[in-house]
């Protein structure tokens, strides 16, 4: 079983302010490689992942973390898919905070998740989807909690009893649940485009990415392409994450593969089917083999994509762009 | 002095839910005239206004409310400008909830505001700008309050003592202020474009409009132009207000005049200078004359614009579009 | 609905989708999961409820689903095709709390007599036989709005008390739901391949309201792990019509969800 | 800074803008009001602090100001010209609460010895002599971050105790600010056309730190309605340089704010 978190559940305000004040928030270029960005993540950190299920997963950064043999990470994400299996199986993570965890509905219950959680090799803290969103939002807003009307009365709520507070509303007398703010150590976010300072623009589904970025102590942004700051300034109302909360910008085309990036590529379904198929036997062996082949032995991100295959890359991109065909 | 509010400060949850459930939220056309939309506002309603200071003020709808002789409205807005003076002087409103109230910094302290508030003809409830935003946001989220760290220690906070709650955070032991949710009876919002169902897209500054729309019991949308639902569906990630919260869509070109609408026209500065000049003497007389000329005697919105003058309309539009020149 | 449009044969899943679709009313705002709920909501939209609005958890309001391109979950770009609006996840879920949603519509793995759903743990939480994927938005939807659940009618799925309440129904029946802090929503209908069930107004126990074509009440009871109440005016549903099945088969030509 | 670049004459407002600009450091995130604060922040950006970021209350991050097209408030489209990001008002103000802002920078109508600002009521709240426009974001900015205020030095503006605390400084001095629930921020510098003032670390009373060219301490005291402390290492500011004044005159050719 994973160790209990060392830090207080909710970061004291003065600590939050001090940590934020100490960050270099000036308008400066911060473009770097995946390998350089990895140094911003420490063993034991709480890492929040952008995207949801198979969408805009910061896979390239996870790939880099696994290759760098990061350990004992706590990971939070709105809904966790194969990237969670990879982080558990690689030993990078022993604690997942999420609302739902399996590769995806069509592939059934995750046997990797079952292996690590049922054998108590890893913690899986389950929060309702909205509650997790509200925890990030409170963290983004600089408040210690968010009131909510969900999770009451259920065992999902009961399992979180030591982390939430049930109160009577001082205005209305109603029952309310207070959800503790979540301020991750690091946020990993993948976007369609960003400038060298870290101003990020996202198309389509935004998931919890903006709140995660604003809540975190450090933000690593991977992006399909880096555009100029001039380009950003032509449509400032399309910027979703401001540069001063970003610590690293890494350009990684197909950085979510085999997941999707809105408008650019859909999930690599054939690869995901094959991946699921491998996990029908001994998941420890199967995952070790997968990690060996696609993670540790790949010479770099292009080689990883090459192992997935050019046809799949082209097909995923064709399907991805089709969302704009109407 | 205005009467005290009749309703409880925070709407009980069951009432909020019942009122929302009773609204017709189906995908239906709701295009109407200003005069028809006015019937959605009752005397005594709490009316929240979109925009801020001189920007995206729903002036055409205010113009229609004044012409329809609505009375005893409570009005909330992030920052209140000449539209607040007009609502006070016309008798439409006797209670303003805002963070700042004057025509604008360049014209000095509002003599109209001073007349009505110092003579206790109207209430002016002052909230910090963020606090008012948080009140709308709580209303939009369906929670009874939002915790905040602002307004503590000041007389702005002290003046609101009966409406806020000071608590000790149950997670951190810190001092916090709880701000009561604000769910207006009606929201008036002006946007650049909307479809006949009420899906609204906004360019540039958004102010508090989204929260106001989501918090209100009824929403009247005025729009520079009505576009097709097909057009909306080509860029769903640009939609800011969903159709099911909207009760009326009114097409009103230059619907913010003499204020600005982002990317379409800047403020009509000459008209605003002349308006300010008129109010240097007896404000009651001056405002009565202004309302007579521009409000009651105008044959319709085009005639109102005509009284402001074609040259001003063209100049404001030229300046407005220039924001996209770079 | 006339018998003339009736068609056979149809699969259990198709029956489920058709019966669920008929529960939706025009103009409603429906928070739908993928699979049968999505198919049923789209069928309703294309038959009797053209003004129905579908919401997806991934952050989508009012999309059109392209036949043959069903989304793998509610969180991929296929869900946004020709949508009215795309918004952050927290904000689409907050629509439930604010009250803009009429009905939540999901599938279920395990349900009990009070309509509580379990998708978290089979067995104990300390040493589960199976750790299931968890709630997702299920807990939020069922906490904050009225619910329709569509699922296969099997004894192992219809249990007296779920091992774990992931998505609250009527909790322990009676007034226990509101006493636990949930004054709104609640389980409204459970649609299976055998019957349509509701809940007794007082005790909040599951009650058969209507039987599908050719199904007897005893058969429903046999496939249920607790005693079912039966409405005194027990109805019989009309069989799926050809037009309904045609829509389903157009939407899911590979029968991903309707096999 | 050499005397060679020094220029004369300059207006009191220009002096104010130059002296305020010099307080800003490169890389800071500055929440600025219109008028002198905006001019000073832009001047700093174009001289010693190119990586300075300006935020506007209307919802703007990092705009460029077009010379001669100064915005009438922080809430019109002129404020967004070539900005990095535009966002809702509540969210730009929340950046203060979250801690992303280094310094708030505004003008003031009335200030007291503890750095509290009044922009709400002259006289009593029940029967004010003048009802002023109110706080806007001033209360939020001064509650949540460290502050610079730029204002004319007049006895009627520098009062022992403000009639009404709109934007909190050090409240009643000492530890009263944090005791009232404001553990962060506080009034840092007051820049006038006569001097630069700070606050005593213990008592939190206003203290003269530096005198502008040709100004004596007695003159500052004469124009102040309470007893000023004076730093034991009282400094003298360098006069505005030609390059600084050139930038200001380029930005505000009609001298809307620098007359």
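A, B, C and D are the chain letters, set down in written order, and residue numbers restart from 1 in every chain.
The rule is simple: a contact is a pair of C-beta atoms (placed from the backbone, for glycine too) under 8 Å apart; a residue touches a chain by one contact, two chains touch by 3 or more.
Keep in mind it's a predicted model, so treat the numbers as computed, not measured.
If you compare B-D with B-C, the chain pair joined by more contacting C-beta pairs is B-D. Note: centroid distance subunit B to subunit D, computed from Cα atoms, is 29 Å. Taking the mean of the C-alpha atoms as each chain's centre, subunit C and subunit D sit 59 Å apart. Subunit B has its Cα centroid 38 Å from the Cα centroid of subunit A. Between subunit B and subunit C, the centres computed from C-alpha atoms are 40 Å apart. Residue positions 60, 80, 82, 86-87, 94, 97, 183 of subunit C each touch two or more of the other chains. In subunit B, the residues that reach two or more other chains under the touch definition are 13, 142-143, 148-149, 174, 176, 204-206, 233, 237, 326. Arrangement of the chains shown, judged by which pairs touch: an irregular graph that fits none of the line, ring, star or complete shapes.
Those chain pairs judged to touch are A-B, A-C, A-D, B-C, B-D. Across the complex, subunit B is touched by residues 8-10, 12-13, 142-149, 165, 167, 169-172, 174, 176, 178, 180-181, 203-206, 233-234, 237, 326 of subunit A.
Listing the residues of subunit D that touch subunit B in their complex gives 34-35, 57-60, 72-73, 75-82, 86-90, 93-94, 96-97, 120, 125, 127-128, 130-140, 143-144, 164-168, 171, 176-177, 180-183, 256.
Chain contact summary for the complex, subunit A toward subunit D: residues 13-14, 16-17, 20-21, 24-28, 140-143, 197, 199, 214, 229, 232-233, 236-237, 239, 242-245.
Those residues of subunit B that touch subunit D in the complex are listed here as 52-55, 78-79, 98-102, 104-106, 109-110, 113-114, 117-118, 124, 126-131, 133-134, 136-137, 148-157, 159, 166, 174-177, 204-211, 260, 262-263, 266-267, 269, 320, 323, 326. Put simply, subunit D touches subunit A in their complex at residues 26-29, 50-53, 60-64, 80, 82-87, 94, 97-100, 102, 183-184.
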